[in-house]
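The following pair of complexes shares a single chain, chain A, combined with chain B in the former and chain C in the latter.
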Partner chain A sequence: MNIHLPRADVTERTLAIVGELKELEGPLLPILHEIQDEFGYVPEESLPLIARELNLSRAEVYGVVTFYHDFREHPAGRHVLKLCRAEACQSMGGDRLAERAKALLGIDFHETTPDGAVTLEPVYCLGLCSCSPSAMLDGEVHARLDEAELEALVAEARR
Partner chain B sequence: MSLIHEIDYGTPASKSEKLVTLTIDGREITVPEGTSIMRAAMEAGIEVPKLCASDMMEAFGSCRLCLVEIEGRAGMPASCTTPVAAGISVSTQTQRLKDVRRGVMELYISDHPLDCLTCAANGDCELQDMAGAVGLRDVRYGYDGANHVKARNNGEINRQWAPKDESNPYFTFDPAKCIVCSRCVRACEEVQGTFALTISGRGFDSKVSAGMNEDFVSSECVSCGACVQACPTATLTEKSVIEIGQPEHSVVTTCAYCGVGCSFKAEMRGEELVRMVPWKDGQANRGHSCVKGRFAYGYSSHKDRILNPMVREKVTDPWREVTWEEAYAHVANEFRRIQYQYGRDSVGGITSSRCTNEETYLVQKLVRAGFGNNNVDTCARVCHSPTGYGLNQTFGTSAGTQDFDSVEHTDVAVIIGANPTDGHPVFASRLKKRLRQGAKLIVIDPRRIDLVRSAHVEASYHLPIKPGTNVAILTSLAHVIVTEGLANEAFIRERCDWSEYEDWAAFVAEPYHSPEATEAYTGVPAELVRGAARLYATGGNGAIYYGLGVTEHSQGSTTVMAIANLAMVTGNIGRPGVGVNPLRGQNNVQGSCDMGSFPHELPGYRHISDDATREIFEKLWGVTLNNEPGLRIPNMLDAAVEGTFKGLYIQGEDILQSDPDTKHVAAGLAAMECVVVQDLFLNETANYAHVFLPGSTFLEKDGTFTNAERRINRVRKVMRPKNGYADWEVTQKLAQAMGLDWNYSHPSEIMDEIAATTPTFALVSYDYLDKMGSVQWPCNEKAPLGSPIMHVDGFVRGKGKFIRTEFVATDEKTGPRFPLLLTTGRILSQYNVGAQTRRTDNVVWHAEDRLEIHPHDAEQRGIRDGDWVRLASRSGETTLRALITDRVAPGVVYTTFHHPTTQANVITTDFSDWATNCPEYKVTAVQVSPSNGPSDWQRDYDEQARQSRRIAGKLEAAE
Partner chain C sequence: MTVKIYIPRDAAAVALGAEKVATAMAEAIAARGLDATIVRNGSRGMHWLEPLVEVETAEGRVAYGPVKARDVAALLDAGLLTGGAHPLCLGKTEDIPFLKRQTRLTFARCGITDPLSLDDYRAHGGLRGLEKAVAMQPAAIVAEVTESGLRGRGGAGFPTGIKWKTVLEAQGERKYIVCNADEGDSGTFADRMIMEGDPFVLIEGMAIAGIATGATKGYVYTRSEYPHAIAVMTAAIGIARAAGVLGSSVLGSAHAFDMEVRTGAGAYVCGEETSLLNSLEGKRGLVRAKPPLPAHKGLFDCPTVINNVISLASVPVILDKGAAYYRDFGMGRSRGTIPIQIAGNVKHGGLFEIGFGLTLGELVDEIGGGTASGRPVKAVQVGGPLGAYFPRALFDTPFDYEAFAAKDGLIGHAGIVVFDDTADMLKQARFAMEFCAVESCGKCTPCRIGSTRGVEVADKIAAGIEPEKNRELLADLCNTMKFGSLCALGGFTPYPVMSAMTHFPEDFEPAPRVEAAE
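Up next, the complex of A and B:
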């Protein structure tokens, strides 16, 4: 379960995380990961704080955050379902699975169901090309999916 | 005349001394090792197509247009990122390369609007040039698919498209035209060092983003213009180009703002200035600029400019426009009457650091030869006069020791009482570049200036001294160096007077100079002082840069000497990367001092009492010169109040606003019978003037400015003076009206006279400057190419002189009534009293002066951010709005002085430097309290200013 409620003390937590990790070599990515783990997304108000603490410009931090699709600007649903959209999965029926998932959830990629249960995201790629098509639900990978297995995944996520 | 096109070599020059020979397109080429193939080709005149490369920044290799083939190597490497190698054979044009380039270009154009005819960059677009260069004839992809070009796609809103950002007053950002070459981002990072831009997203979503996808004006952007200059398309374009069109000719000239003295190409269409573009061959700025020089020239055509001479009997009368002849006759008659009535010494003149060397020279000549006294002074009195005095005493020249290029060799930079990112932005960018390469930084300043910590720059030491304790901290630094055995004895024995050194070393070694002892009143922890001293003494090439935070104190001259002592004791003089570098405030403050603007000095810093020097001028001018120094500005004002000084000719200076103790200045001016102001605008001083002579801008005249590195730069006329005459012509006409036989037909003749009379300028002439670009004085037989670095083989005065620097606290002390210390400074977008920058769009960034106050002090007084506060000192009071920040320490408040309504100098006292009378602007004891609005003085002043600016026959006065 990914239960991430936006917390009021974004500033405090951000500064604490930066304080813990800033001595690492190349600390920005570990910090961003930690922040996403903490809040479920990277709150915009964290970025100027990170910039200030690491002595970077706001623009630089923003550039890095937006470069990686994995960093979210908004809180996700309680579950995140990622479908691999890379070449191998596409050639093994990934397109059809994607359409099916969208229909089942009634949302498009990058959207969250109205009840806040599931966020659907494309991913390129999960490194499971030899057992395509693949998906990831809340950090757990699932391979050689067919329609039935996808439906089961979606059902699990919706619960 | 034509448009100057500078060659872009694609990548910066290599500094290697090892040469490599290779073949490009069958031609044998020899270049320094480390040169890119692209640059080597360009040096041989072979232009490889490129889009993302520029010699202002490092190679990036993203556009994939500059591909070449190298015999024996696989693939098609980018010529910008591939260095030359001995013996390789490079082809820049093969069928394979042509096909690939055309394909790449076709993809670029597939996401770029085809509105070339109506595009602002038409005629100055590298994308267009490259399409031509690669022979693009067809684009097979339409706009039906994803694109950044159209606001709507197939009837739907196109989310990839973004509207133009017009938030910056000087340029627009049109993402639809962007090819994402990253040149703007890299220029902001590498050239300017602000890092305000980034590429957001990735792949087809990549977009240039200011800050966090903000508009330019709300982002970290400082509007230096480097991105606009770097942009190969119309994405970033000057609004003036959009409005006017492409320029057709250009003239190289020198910026008239700060003492960095940047070279610009004034790009013109007829007599209309289209834009100012920094000139890559400019040896002070190396192709960079700041928001003022690049964009803030609009004042030259502002409606407030006064274009006709005006006269009035009393300062309470409205102005009456007259002819030039009437004005000259009036001034000549009045000055002669006053001298007849009150004596020869009852009149004087003030030269301007904003005007050219030639104009300054003429004003001092008019005073000495025409008025027959030495009552001439200049605005350097209130800024860098202690620099002249202090460095002359210790080294033997009244000037900085280095050129700006020197910073590229600096290992430890010490910044004292200067805020380069605001006051000298182009130098700051060059310094930041060096800091990013690993040089260390020590900042000595009461306030946490941006250089202390900002993106990618962090000072190793910030010594946040209490205002007014410069001498104590510098002597403490010397104490550590001497007592810890860090002195460079070999250097001192060879270059300096050893016995004076021994005396000085014993003096600084006294325990009461130790950081532990001075901590009590400097407020700086002793270990910081020790650390900073060790770093400066042992960190390699140490260079000191300082500003008005050093000079504008009661011990300004002592501080300059203390700085010189530090440089000598560590051997940091006489080679690249070291030295003592005053950051001069005004464009030509160095020049105005060089030209004999001080009452005791003839041009070239030769004392007026020196018979041989006087004789040179007496012979040439056909007059007898008074051998007694004349009055300084404060003395003139004192004498005026006493009733013995009655007439003053002020060229291009607003003493009422810029000089200390405004009420005293006003009283002095009010007591005079003929005050002549020559200026662009009815400045504050003109409120007390009887004659107003319209001035001309730097765009309207020929001449020279001398910058902080002693560099004599040409100023070239690009348009006729709107007021009819250049300032030197006005001074000449005035001299003629007073019966002097002056017949200069061009400023070059004035420079010839300067060269003939002043040994340090002996070889300077306009022809020589045109040939050399610029030279740094001394420029004479001994140094025909000028002198980038001084005191190379020994000090000008012979042996370097160590001088004891005893700290004497200023009489301006805090107490129960005035518990806070006020210090003043500048901001990037405004310039000094703001007469020019307030009349440009720069007000977007700084519309009013604010009082910076620490949260602790604010809370005690019940002041919230943005509240009106009353700022009072022993001299007077004013009001302004508070800005709560921890940039200032508790007990210290800070404000800028760019706006006349603030009247910051009503607050400052008349304490001044013991040697030069330079006012103590940087320390005033004050109290701050909540207020409802403007003070009585401000209201009275406003009313008086409004009254005195009336012009007969015109409905409303200027401003």
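Up next, the complex of A and C:
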């Protein structure tokens, strides 16, 4: 959801999350995951707070956020549809399915529909390679997809 | 007696509707007042039959599949609870040829037990390896693993016992066991299946590794793309801790060992061990130069064992049944069994564990049953996105580390992806470069820049621009990446590219260029 949280909320929640997890060994990734779970993305205003609390530079934290494909710097659509683009899915027509999804949604990979409903993302392997092609809609996995099932998934996501 | 009905919780089964089947089954059991209970097991690995529903009968387990939610009523009408006849009935599970032909050591329990029942785990031979280990000297455990001939199942094939010995002998106040569960290779899902289907075997393997090397803390680093595995693994660790399998006194011994799950964030390169260690430390997943080896300076600069899921999950059976038992399976220097993942355009896809030595042709044609599309097999990629494409002419290659290396390939994490004759090998070569460009950590130039240039050169060949010169350039670029890259990502991307070009040269001949008419 495109929730625009008031700044104070981001600060407060970020500090709470960091406080909860900072005693872990190597806490930065768990913290970033938690923040993304909370806000749907990693808000820019979280970064200096995380850096201060973990005694890192802002550049280090920014470097980590941008290195990993999972972390978003902006909110995603209400639903995230991930299509596997790796070889096993290619062997079963994954590329055609991806083109169909793009056409249905009118967007390319890494884009969100103008109504904010769906973000389309590539994923390189969901480990469902024996029942390709596969996709993940908001954390739910779907395998052996054909065009009709993809259309149903897209329709579900657009609602 | 209450009848047990098994409906897998494995992600592949769930992706094919197992959740809906389980819900429909539970509702039908309640509505009909039947004396039956549903167990959510792991997958047996016959993914073309998923969701595979099994029922425990006096004669053994009887399988039905693939079952859809709408089949549930008819199945119960046909006498599912007593193994009644129905068009979806596959007979006794153990007699299904795909299962019968296997030697399941690492996957002995996967699909059979309730993954989150420690009692079930014990009842099926679990914890015997750890029970032996707590009574042994660390060096004796290491010797047992060394003698078993177990080699790293992540792909590199390095002897596991040697790695453990190095960590055992390394000086350090703290040592770590890190399980590489960052299974990012397309065509592989063995790690995921173990974590979802028999998580205690991985916990047991890691605890044994801890006792053998003096490490007291373990991490399972897995992928965010595997939410089901994360959930089961995390729950299993909690159960093991509550039961005293983990904690300050492992099985009541003087050894302490505890562990936790850590989740990556969508970076393929973090499957490379040094990149994984950086990621665990909360850094960017940049590859580290070796030496120092992780065994000397690994996680937080401490001596660290870093092993693949399957390597660690194979340790309990080695300790339980002895090194010789495990070593007697296999061929040449590839000892024991290997869980082969048959994937892509294949009729019978799934997990097939057997001693090393079966030929690629037997795996694809006999066990896999050929393509799902019914068209001829064109190529098989073995070992993930960094593995070579094999043509039918090389189908006599036995599944063995050295035999594959001799054919300019690798078995990697033992995933095989089948392609039919519609595959365009130039496109596949281009994808290998594109994938490398997307996933490169950026530390070394051959990988970071070479992959992007590789995509461009492949595009030129496809467009018919100086094809001969560009094929030479692509080969030269592959040579630079192979010998100049810091890790296997840049270093092995040439395998799919060069094998595609060598074995399928016709796909690298551009279509005659159509001259513009106007």
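Here is the rule we go by: the second predicted complex is superposed on the first by the 151 of 159 C-alpha atoms of A that agree within 3 Å, B and C clash if a C-alpha of one lies under 4 Å from a C-alpha of the other, contacts with A are read in each partner's own complex, and residues count from 1 in each chain.
To be clear about the criterion, contacts are C-beta pairs under 8 Å (C-beta built on N, C-alpha and C of every residue); 3 or more make two chains touch, one makes a residue touch a chain.
From a predicted model like this one, the values you see are computed outputs, not experimental measurements.
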More chain A residues in contact [chain B versus chain C]: C
Which of chain B and chain C A:A117 touches, first, second, both or neither: neither
Partner chain in contact with A:L15 - chain B first, chain C second, else both or neither: neither
Touching partner for A:G26 - first (chain B), second (chain C), both, neither: second
Which of chain B and chain C A:I107 touches, first, second, both or neither: neither
Chain B versus chain C as contact partner of A:V141, first or second or both or neither: second
Partner chain in contact with A:G63 - chain B first, chain C second, else both or neither: both
Contacts on chain A seen with chain B and repeated with chain C across the two complexes: 60, 63, 67, 69
Parts of chain C lying in touch with chain A, wherever the complex brings them together: 11-12, 14-16, 47-48, 50, 183-189, 191-192, 223-228, 262-268, 279-285, 300, 341-346, 349-351, 372, 381, 385, 415, 417-420, 423, 428, 431, 435, 438-439, 441
Of all residues in chain A, those that touch chain C in their complex: 25-30, 32-33, 54, 60, 63-64, 67-71, 86-92, 123-132, 134, 136, 139, 141-144
Residue ranges of chain A in contact with chain B within the complex: 44, 47-48, 51, 55-63, 66-67, 69
Complex contact set, residues of chain B against chain A: 194-202, 209-213, 219-220, 453-458
